[in-house]
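Chain lettering (A, B, C and D) follows the sequence in which the chains are written, and residue indices restart at 1 in each chain.
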Amino acid sequence: MAEHDEAGHSRLRRQILMGMAAAPLAGLLPKTAFAQAPATSAVNTTGLAVTDTEVTVGILHSATGTMAISETGSIQAEKLAIEQINAMGGVLGRKIKFIQEDGASDWPTFAEKAKKLLVQDKVAAIMGCWTSASRKAVLPVIEQYNGMLYYPTFYEGLEQSKNVIYTGQEATQQILESLNWVVKEKGAKTFYFIGSDYIWPRTSNKIARKHIENFMKGTKVVGEEYFPLGHTQFNSVINKLKLTKPDVIFTDVVGGSNVAFYKQLKAAGINLDKQILMTISVTEDEIDGIGGENIAGAYSCMKYFQSLDNPNNKEFVAAFKKMWGEKTVIGDVTQAAYLGPWLWKMTVEKAGSFDVDKIAAASDGIEFTKAPEGYVKIHANHHLWSKTRVGLAQKDGQFKVVYESPDLIEPNPFPKGYQ
Amino acid sequence: MKTAPSYMDRKDLLALAVVAALLLVVFPLALDGFRLNLVGKYLTYAFVAVGLVMCWGYGGILSLGQGLFFGLGGYGMAMYLKLEASSVENTKIQSTPGIPDFMDWNQLTSLPWFWEPFHYFIPTLFLIVLVPVAFALLIGSAMFKRRVSGVYFAIITQALAAIATILIIGQQGYTGGVNGITDLRTLMGWDIRTDSAKFVLYFVNAVLLIGVVCCAMFVRDSKLGRILVAMREKEDRVRFSGYSVANFQIFVFCLGAAFAAIGGAMFTLQVGFMSPSLVGIVPSIEMVIFCAVGGRLSIFGAIYGTLLVNYAKTSLSESFPELWLLGLGGLFIAVVLFFPNGLAGIWRDYVQPSIDRVFKLRSKDPTDPGHDVAKAAAAAAE
Amino acid sequence: MFGEYSLGDLGSIFAMQGFAGLILFSVYLLMALGLAIIFGQMGVINMAHGEFMILGAYVTWLTSVFFTEHLPSLFPIYFFVAMALAFCASGALGMLVEWALIKRLYKRPLDTLLATWGLSLILQQVYRSVFGPREVGVTLPDWMMGSLPVTDVVEVQINGLFVMGLTLLITVAVFFMIFRSRFGQQIRAVVLNRQMAGAVGIDTEKVDRLTFGLGCGIAGVAGSAFTMIGSTGPTAGQLYIVDTFLIVVFGGAASLFGTIASAFSISQTQSTLEFFLSGSMAKVITLLTVVGILMLRPQGLFTLKVRR
Amino acid sequence: MTPIGTPAKEFLLSVEGLTVSFDGFKAVNDLSFYVDENEIRVIIGPNGAGKTTVLDLICGKTKSTAGSIRFREKELTKMSESQIVLAGVGRKFQTPSIYDDLTIFENLEISYPKGRSVWGALTFKRDQAVRDRVEEVAELIFLKDRLHDNAAFLSHGQKQWLEIGMLLIQDPELLMLDEPVAGMSVSERIKTAELLNTIIKNRSVLVIEHDMKFVEDIAHKVTVPSGQDPLGGLDGEGAVRPEGHRSLSRALRSGRCWTSKTCTSPTARAKSFTG
């Protein structure tokens, strides 16, 4: 701890000196956002990498390894948001500079890089992580060094931290409304769960099972199966599906397994126009690999689809495609990642400071009206109030929104009765 | 006494002194807390690499499943720390207080039996070494007694590492699944997350590593070490000189497993969690390359190789994440094709002779693998 | 377990599971054949085998894109062209790799393992840089998707049949090539005694290169076929490598017949277990059984007892 | 002929009904022979006749399909290689089998009959007794002044000697030599014969050799591979000087694989071989 403090102090001293040197100059310059910026010493009391013109944040995702498939979209969205914020004059008059680190799909590497960003680079916030495992690895580091993490992925819940803002949905937000919808609208009675074998599918399915068994009438789960990550042979489980004939196949298969699963499902003659399949793991990103023709007819429960029809989203999609190419698609997590820098900017401006403690305290109640998914608000538990939507997969790889929850759903990371 | 293998000759002592000075003096003085902790993490892999030098370099047994032992050691320590972090008081919001949080999420209502011994520190320390050694003994007895060796052994150990990963991920109620065992806080009430604790742990780690190195050197310089070399060359001759080759192979495999397990336990202490991503095939093969880069016959080379590769990995992936895999892949190929004896070979062939010329020291044994590689050390110290 | 199903259902279960097992068998065999040649016959531990397969998959994807854009009328048959191209691409890359890398390492089999692992890392990164980190979706012609109904429950997947047919064809071709052709005779001669083969006028270097190329080419075709059932991404190849090696080793590395038998027994075990257990456990139990048997019988299922 | 199953007296080594087949090919078929104490026995036969396989069977490298090998009351077929060595059987390979990466001293030391268990090897001390013995043997095998060179630098003949030395230090009761003079120069061959004559004292020796001159020098009895009883089958053939050689070369030409016949005949009969 001693070393940490010392380094912080000397850096702080340097920054104060620089701030004093810059002050007289600022008076000579024409009135710009820069000149109006509050003094660095005032907005940064903990020695973060904030100068009079710049503030540094970290981007921490996997650019290599198996998770690069999923995390690329998040990196792109975060870069887009930072660029847009900078174009609007930055945060508290300071341009955002980002340092990108590669977690390489390896959890210890994530922890190592998070520590590097906080201890060496003194970033004011980190936009990053994708899998629960990487977040779990990073969390102790973030808490120890008092950093701020904006985490974009929909996840299993059961977590809450002063140092993390969860911009994706936690499991109850994503699942409960959708289950209610499928039971009410489609008259579904029986469910079959198929997931990849790790914590997110297992916890999500547990919540779904409790909801189906305890909170709804006449519905039941007729099967539950998990496969190792990367599994590519689903014929046996498809046979079981044919025999049990569930009303709804409820899946949270991830990664490469997804592709195999839907291709084999289609090849086995399970027609998704007749058989209801509901997934909580397929976004537009995944469809890119699966192929729209293989999954058309499936229902996906997300808070965001690229096809959402609102002005915010149209603007966002256009900007994203302009920056990253016409062919890129935008999934739920990509949009949630896009929220991170914006929410941070607004919180910093509300708090009038880059200090993590002040941001953590000021986060409650931050509203973002320009979010592509519509209006969102940060809850006191650091998750977002958001709507949930059910999209029907189309052949072109897009979703048609068939249901949207009427109100914002309250995030509930530790749901009573679901554990 | 012209030939007696006095345990550690002058050159070895010098090399040991250089390593000790580097680890105990130079690094702590030259590096800030963050970098020092990183070096500490790398050094935990060096335990595995030293074990591989014994197994692979001397014993001729290439194990692609060292991650399994590293993981067993690491999980042992993590289970102890997790239980300490899951006191009834800390976990009172759970439906079953007093068990680790992930068990509670998975509807476990009591602690599984195999977690029980990890309530106590001393049994934990024993189990950290004994469990991996028992596994190694089992695997080794089954395979070496039946003369499985070389390629087949490599592939089967690789499969074992893969099975272990699937099993750990699949049994998440008992193991923490893909997330691993996280959020470890204290060791007998001592907060291991603080910078001062990390500093202390670094030294514990370094001293243990030096101890393991001495142990490896003792084995290497004993008659057993020469029998290993002999076995690697002419297995049958050794067998027909009255030795049970399998027993020696089992011994050295267990030794490698024990070293790896110690490394794993130190990893958990320094990094603060353990996860299946350190058990699988990829980390196991990476550890082999640390050893190969250092020189598969050089105990000291293993340390320098580990430091060098990890230093390259960290710095390359900080500045050019895309190039890192190309660099690592290229390194594998280059080492195999051009430097089969790794850094130690380069030292022996290029550096040592010029030093010898300067100091007019006659190298006593031309085939003795090279020892300290000051250049690599300097690079790693960056 | 059976109580919940009626007698008719049980019949269907066995029929469908049998068929699922056969598909898995074909898939495994297709994966393993190339490796059986490279590892079993040549003794090279090719850890980049999965990446050669993925090359075939990417070639298939490129072909499908090309046909969609330039020859839409011929799209239904593009897959055959793609497989041929995949064979050529992977085979050519294989020969290049043999020339640049493998030929220096024939005497050091364990080192081929490390070198090819390095190669696989490089190939993964190259795929990522060229094709992007995301998976690519290979569009299949409509006739290859869907299934033929046999009864109202039992259906036969067309792509499953296709994979089976392909596997059969390639297996027969490989057998013919290894055991009946002049080239196969040369391969076996070089495997048995390199020096002697050289002495009687066989160009051993050329035979090595062609053999390695052949093995990689078959991997390419396998990768091409897998676009029907699996995903195509830079790291997808790694998924296959452990399974593939275990199949070859389990069969008895030097025996092609053993490879078939081992693919068959592993696939049937796994497919049956998957039906009665959860997917993860089925995989673990299958792998553990294989490893257990290998510990008891390290030479694999089929080996010649030879004079040492 | 000694009847199978009831040896007249306890031999040092009794091989009875020994058979081994590789995938149906019977490399050794129903072979029986007996070796006395202090007897020197030569096995001859053409390439592929299974001579080396017999040694492999005795020392446990190959497991027999049927039959028994008894050595000093112990059934060798059920023992592991290292146990067989500890029982007192030493074996030299056809090609020099030494450790290139170790020095000559270390090569010899490894064969020193102490510290053969894992623990023993770990705690083995190189004391004066070891050093004396190694130097003594090194002198015998003409390598005393090269003790601290790596074995890789030795010539082919020297490597053969080194291996013989390694066996010597092991002090076996039954010494098995597989073509000890193969590939040697004439002068080396002479030295080797001299060496062997020193070391075969006070022990039984089983030798495989093509070199008839060498066989002639050291053999007491000869075991021949043949379709028939070698003596019976060959007796009628025309005699060429010396008779034994003629019969032997004849046997070499006609032998295809091992069958059961050994000529453990009375010494007088065997003399026809050894001249």
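Just so it is clear, a residue touches a chain if its C-beta (ideal position, glycine included) is under 8 Å from a C-beta of that chain, and two chains touch if they have at least 3 such contacts.
Computed from a predicted structure; not experimentally measured.
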### Message
So, comparing each chain's Cα centre against the centre of all protein Cα atoms, which one is closest?
### Response
B
#### Entry: Most widely separated chain from subunit C, with each centre as the mean of CA atoms
D
### Query
How far is the middle of subunit A from the middle of subunit C, if each middle is the mean of its Cα atoms, in Å?
37
### Message
What's the distance between the Cα centroids of subunit A and subunit D, rounded to whole Å?
### Response
76
### Message
Centroid of subunit C to centroid of subunit D, CA atoms only: how many Å?
### Response
48
### Task
Report the inter-chain centroid distance for subunit B and subunit C in whole angstrom, where each centroid is the mean of the CA atoms.
34
### Query
Which positions in subunit C touch two or more other chains at once?
125, 128, 238, 280, 283
## Note on the structure
Note: subunit B residues in touch with at least two other chains are 166, 169-170, 322, 325
### Contacts with 2+ other chains: residues of subunit D
61
### Task
Name, in rising order, each residue of subunit C that touches subunit B in their complex.
43, 45, 101, 104-105, 108-111, 113-115, 117-126, 128-129, 238, 242, 245-246, 249, 253, 280-281, 283-284, 287-288, 290-291, 294-296, 298
#### Entry: Contact footprint of subunit D on subunit B as seen in their complex
2-5, 219, 222-224, 226-227, 229-230, 232-234, 236-245, 247-248, 251, 366-367
### Query
Inside the complex, what are the residues of subunit B that reach subunit C?
62, 64, 139, 142-143, 146-148, 150-152, 154-156, 158-160, 162-163, 166-167, 169-170, 281-282, 285, 288-289, 292, 322, 325-326, 328-333, 335-337, 340
### For the subunit D and subunit B complex, residues of the former touching the latter
59, 61, 80-82, 85-86, 90-91, 93, 97-103, 105-107, 109-111, 113, 115-118, 121-124, 126, 147-148, 150, 163, 166, 170
### Query
Which of the residues in subunit B come into contact with subunit A in the complex?
32-34, 37-38, 41, 93, 95, 101-102, 104-107, 166, 169-170, 172, 177-180, 182-184, 193-196, 271-273, 275, 277-278, 314, 317-318, 321-322, 324-325
